[in-house]
Amino acid sequence: MPLTAPLRGVVPPVCTPLDETGEVDTASLARLVEHLVAGGVHGLFALGSTSEVAYLTDEQRAVTLRTVVEAAAGRVPVLAGVIDTTTARVIAHARVAAELGADALVATAPFYTRTHPKEIAGHFRTLHASVDLPLFAYDIPVAVHSKLPASLVRELAEDGTLAGLKDSSGDEGGLRRLLVELGGRDGRTDGPARQFSVLTGSELTVDCALLAGADGVVPGIGNVDPAGYVRLYDAALAGDWALAAKEQERLVALFGMVDVGPEADMGRSSSALGSFKAALRLLGVIGCGDTAFPQIQLGEESVAEVARHLRAAGLAPVR
Amino acid sequence: MPLTAPLRGVVPPVCTPLDETGEVDTASLARLVEHLVAGGVHGLFALGSTSEVAYLTDEQRAVTLRTVVEAAAGRVPVLAGVIDTTTARVIAHARVAAELGADALVATAPFYTRTHPKEIAGHFRTLHASVDLPLFAYDIPVAVHSKLPASLVRELAEDGTLAGLKDSSGDEGGLRRLLVELGGRDGRTDGPARQFSVLTGSELTVDCALLAGADGVVPGIGNVDPAGYVRLYDAALAGDWALAAKEQERLVALFGMVDVGPEADMGRSSSALGSFKAALRLLGVIGCGDTAFPQIQLGEESVAEVARHLRAAGLAPVR
Amino acid sequence: MPLTAPLRGVVPPVCTPLDETGEVDTASLARLVEHLVAGGVHGLFALGSTSEVAYLTDEQRAVTLRTVVEAAAGRVPVLAGVIDTTTARVIAHARVAAELGADALVATAPFYTRTHPKEIAGHFRTLHASVDLPLFAYDIPVAVHSKLPASLVRELAEDGTLAGLKDSSGDEGGLRRLLVELGGRDGRTDGPARQFSVLTGSELTVDCALLAGADGVVPGIGNVDPAGYVRLYDAALAGDWALAAKEQERLVALFGMVDVGPEADMGRSSSALGSFKAALRLLGVIGCGDTAFPQIQLGEESVAEVARHLRAAGLAPVR
Amino acid sequence: MPLTAPLRGVVPPVCTPLDETGEVDTASLARLVEHLVAGGVHGLFALGSTSEVAYLTDEQRAVTLRTVVEAAAGRVPVLAGVIDTTTARVIAHARVAAELGADALVATAPFYTRTHPKEIAGHFRTLHASVDLPLFAYDIPVAVHSKLPASLVRELAEDGTLAGLKDSSGDEGGLRRLLVELGGRDGRTDGPARQFSVLTGSELTVDCALLAGADGVVPGIGNVDPAGYVRLYDAALAGDWALAAKEQERLVALFGMVDVGPEADMGRSSSALGSFKAALRLLGVIGCGDTAFPQIQLGEESVAEVARHLRAAGLAPVR
C-alpha cells in the first residue's frame, strides 16, 4: 500500500520468528502479520532492531521482507529497515527492499564509523536519490551511538529527502522542540498540515508523544498487544487523554516482562527480545520463541514470568 | 511553610541573581521570589543547578537561602539544594539549610566519586537520619554522571527515607515505569493515594509528565514565565489536555532562547543560564544578568535574541 | 604465508585506495602492498577500520582482499578483517576471506546490538568453529562501543579460540594487566613462551607497548612510513629503548597530520583517513587520495599541511 | 620544601587513614608519611582522589593537610589537592592550603557543571592569580567527566599559569603527543629543558610514561610500595628499561588487589581504595583500614586476598 500521505498510527516493528535451527519461520511470521493487522495496526515495520535485523544474513532479510509484504497483501504499508554501516551498503539493501515491494525505507545514520553531521546529510540524500521510495530516518543512538541533530532532521524534511522520522532516541524534550518547530499539526499551530511523519519508538509514553503532536508509534511490545496500542491511539485521536493514559499504563505494566532474565547471565536487549517472542509463542502466534544467535535464550522461570505478565494484562496464554 | 502532604504543582528552581562583582544581589533575588509567588507557583527550589549552586561559596549559599526563605515568608514551601560530593559534606550543608528555615532538602547521589547503588542508598539514609526535614532525591545524571536506579528510588520511598524525587534524568520511559509501580494517583490505580511526590525537571514535556501522573514540575524557564507553567498545570488538573499542550508549546518556543550564544565560544549550559538571567533582567525582575564565573557572558546579539523570544511568547521586555 | 607461530612485528592496516568514481583502485593497492613489504613489515591487515572496511560493499571487500593476497604473494601473512554486526554475517565474510586466501581472521564483538560478554564469547567460539583460520579478536570500543573484558580475552586465549588480540581500545593499563597475566614473554616471566599474539593499535606509544611485552603493532600511519615503524620495532627488539623512543617521537610528529581539516567541517575520522591517503598520494604510492563516501574530502590547504608533515618527518613528497 | 624546578620522580597521592569513627587518624597519617619518605619518594600529594578528598569535610581536609605538611617537615614538597566544583570554591580551599604550608596546588576542571574549554582556561588563570603557589592541572575525566584538551594545557603551560600536569586521563596517546609538542626533555629534542612538569597517574605503565618523557608518577598503590616505584624510577633514570619493566610488572601484579570485593556488592572505586588501606594496615603502617562513608568496607575474605597479593609481591604483612 503506497504511502500517499504522512504515515500515522501504530506501526509495530515486526518480530522475526525463527525456528529451532535459527532460520526464519515464514509460517509463524505470516501468522504474526495477521495478528498485527487483525489488531488494527496502520503499518508494519519489517527489518527493524526489534526484528533482529542486525542478526540476519542478507538471504534471511530477503525472506523476511518478502514474507511480510506478501502477508500484508496491501492492507497496510510495509516499511523496510535497510540497516548497515554506511551508504553504499545501505543502498544495496534498499534496492533489494524496493524489488521485494517495500512501501518505504527506514535507515539509520552510519555506524561503526564516526561520521560528521554534514556527512550524515550526504548519506541520507544519496540514499534517497538512489532508490525511489519514501525514506524515514531512524534515530537510534543506543545502536548507532550518534544522535541525529534536530537541525539536520529539519533540513532533510524541508528539502524532501525525508518523508518522516522514527525517533528511538528517548530524548522526548528534543522531540518536542522538533515538533513545535515543524508545526502544522491538527490546527493547533498555524500553517498547512505537516507532510512529515514523526513516529516515536518510546513505547512507554505514547500517550504523551501523541499529546505532543507525534503522528504515531513504533512499539516493540505492540507485537504482543497490537490492539492495546490501537485503542491507545484511538483514544488519543478522540481527545480522551485519560483513557489513553489508562491504556498506556496497562501496557507499561505488560512491558515489565522485559526484565526477566537476570542481568548477570544475559544482556538486557536479549531478555527484552526474548520476552516478546516468548509472549508471542505463549499466545499461539509463533511456533518457537528463540532469539538469534549469539543471544542467550530465556530459561523456564523467565518464560513463566512472561506468562504472568500476559495474564495480568488480560492476555491469556494458550500454551 | 512545612510540607504536610506530597508536594504538587510548579516549583521553579530559583535563579540566583548576581551583581557586577559576582556577589549575590539579594534585592533582585527578593524581587524574583515575588515574581514567582505572584505567578502562582506552589513552591520554590533554592540552590539547585539552575540556581548556579555549584558556583556559590558556602557564604553565598547561606545568603541566597536566607533571602529566599525570608522573601517567601511562608507563602510557599522552600526546598533547599544541598549539593556536594559526598555524605559528610552534604550533611554540613543540610544542617545550615535547616537552621536557615528550609522546608525540605534536595540532594543528589555522590559525585566526583564512583559510588555503588548500595552506597548511594546509605548516603540518602544517613542524610535523612541526620537532619529532620523531608528529603527529595535529585536525579540529574548530566551533573553527577550516574542515574538513580528506579528500584533504589522505590526502596527509599517505601522505607520513608525519601519524601519525593526530582527527576532531571530525561528518561521519561523510566519515569513512567516508576510512576506505574508507585501507583496511587487520583483513583486511576488501586490502593491509597501516593504520599511520595514525583516532580519532573523535564520542562519541555510537562503536560506529558502530568498526564503520566507526575505531581509537579521544576522548570528552569519557569523563572521567566511562572504564570505560564501555572496555567499549564491548572489546565492539566482540570483535564483540559489540549489547553495544557498548547501552553506547553508556547513555553517550548520561549525555551528556544537557550540556544543563543554560539557553541564555539561558550558552553550550552552557560548560554542557557545566561538566557534565563538576561530575560529576567529584560523583564525588569533582576538588576544584572551575569552568570557566575567562570561562565562566559552572553553578548549583545544574544541578549537581543532573548528579547525576541520574550516578545514572541507575549512577554514584553521593559528595557 | 600461514601463521605457524605467534605473529610478531609491524602489521599495518592496509589503506584501500579508491579511484575518482569510488571504486577500489587495484593497481594503487598493489603498489601500496609493495611499499609496505619493501618497508620491511611483518604482515598485512586488510579490511580493517583504517581500510575503510565499513564503507565497502561485499564486492569491493572481495576485490580488495584478493588484490592484497596476490600482491603479498606469500611474502608476509595477510590478516583479513571480517567486520559485520553479528555472528552469522561475520561467518559469511569469513568464508569468503578463507576462499580468497587470507591467513588469519580479525573480528570484533557484535555491534549495533547490545551483547553480553557471555554472548560475545559464543560469538567468537562459533566463528572459530565455522572457519578454520587463526582468529584475532579486534578490541575497538570507539567503533563497536563495548570493551572486551580482559577475563574474556584470557578465557578465549586459553581454550584456543583466539590466536591473538588486536587491541585498539586505548586502555594501556588494562593491556598491561593482561600481558602480565598472560605471561611468558622472553624469559622475563616463568612458564613456556606465549603462543598468543598481542598486537597494539595504539600507534603513538609502540615503544611503550613493546617494552610492556606486546608482540607487535598495527599502525594506521604505518601505511605512510612503514620503514619507520620497522626501525622502531628493530630498536626495541635490540633493547635500544632510547632509539625506539626517538623513532616513535618522529612518528608522533608525523601523526600530527590527522588534525588537518577543521572539525567544524568534517569528522576527525574522515580527516585522519584522508590525511593518510593524501600522504600516500603525495609520496607517489597511490593515484587518488579520496576517502569513501559519505566522508568529506580534504581541501587543498589540508593537503598542503599533510605535505609539510611529510617533509618535517624526512619523507619527501614526489608531487 | 618549595618547588624551585620542575617536579620529578615519585609523588604518591597520600591515603587518608580514618579511625573507626570516620575521623582522620593523624598518628597513622604521620606514620604513612614516614613510610613514604623512607621509601624514597620525591614528593607527596595530599588531598587527591586516592586521599578520598571528596569524602572529607573542610575541617578534615585541613587536619589532613596540616598533618602531612608537619610530618613531611620540609624533606619533600607537599602538593595539595583543592578539589571542588568551581573557581570560587576552589580558591577558598587554595587559600587554606597556602596557609597550611602546601608547596603547590593541584586543581581539576570544574565539575558538576558543564564548562567550556574557554571557561576552564579562565578557571585556572583566576585560580593562579588568586593564590601564589605553583599550580598543577589535574586531568581526571573519570571524576570530572571532561578531558583537558592538549591545546589548553599547552596554552596554560606557555603563559605560566600551570607549573605542571597530573594526567590521570588514561589517554597515553594524547599524553605522548603533548610530550612531543612540549619538547625539551633530556636532550632528545631541541630547545631548552622543559620547565613544565608532567606527572602520570597511570600507575600500571610508569616505565612507558618515563620512556615517553614524563617527569614522574603519582601512583595510588605507591602508598603500599613506595620503594618499588622509586626503584622503577631509578632504573628508568639509569636507562635500564628492562629492569624498570620488570619492577613495573611486579607492581602490576600487586595492583591486582584492587579487584577484591565482588562488584555486585560494592563499587570498584571503593574496593580499590579499600585494598590500599587494608594493605597499609596489614603492613602495620596505619591502624584501621576503613574507607570513608558511604563506601562499603571490604570483608574478611577480601582482606585475606589483599594479604596474598602482598606476599606474592614480597611484602610481608605484619598482622
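As written, the chains take the letters A, B, C and D, and residue 1 is the first residue of each chain.
By our rule, a contact is a pair of C-beta atoms (placed from the backbone, for glycine too) under 8 Å apart; a residue touches a chain by one contact, two chains touch by 3 or more.
All figures in this text were calculated on a predicted structure; none of them were measured in a lab.
Chains touching both chain C and chain D: none.
Of all the chains, the one whose CA centre sits at the greatest distance from that of chain B is C.
Chain A and chain B have Cα centroids separated by 34 Å.
In this assembly, the C-alpha centroid of chain B lies 49 Å from the C-alpha centroid of chain C.
Among all residues of chain C, none touch two or more other chains. By the definition of touch given earlier, these chain pairs are in contact: A-B, A-C, B-D, C-D.
Residues 22, 49, 54-58, 60, 83, 85-89, 92, 110-116, 118-120, 122-123, 126, 142-145, 265-270, 292-296 of chain B touch chain D in their complex. On chain D, the positions that touch chain C within their shared complex are 170-173, 176-177, 180, 188-189, 202-205, 207-209, 211-213, 239, 241-242, 245-246, 248-249, 252-253, 255-256.
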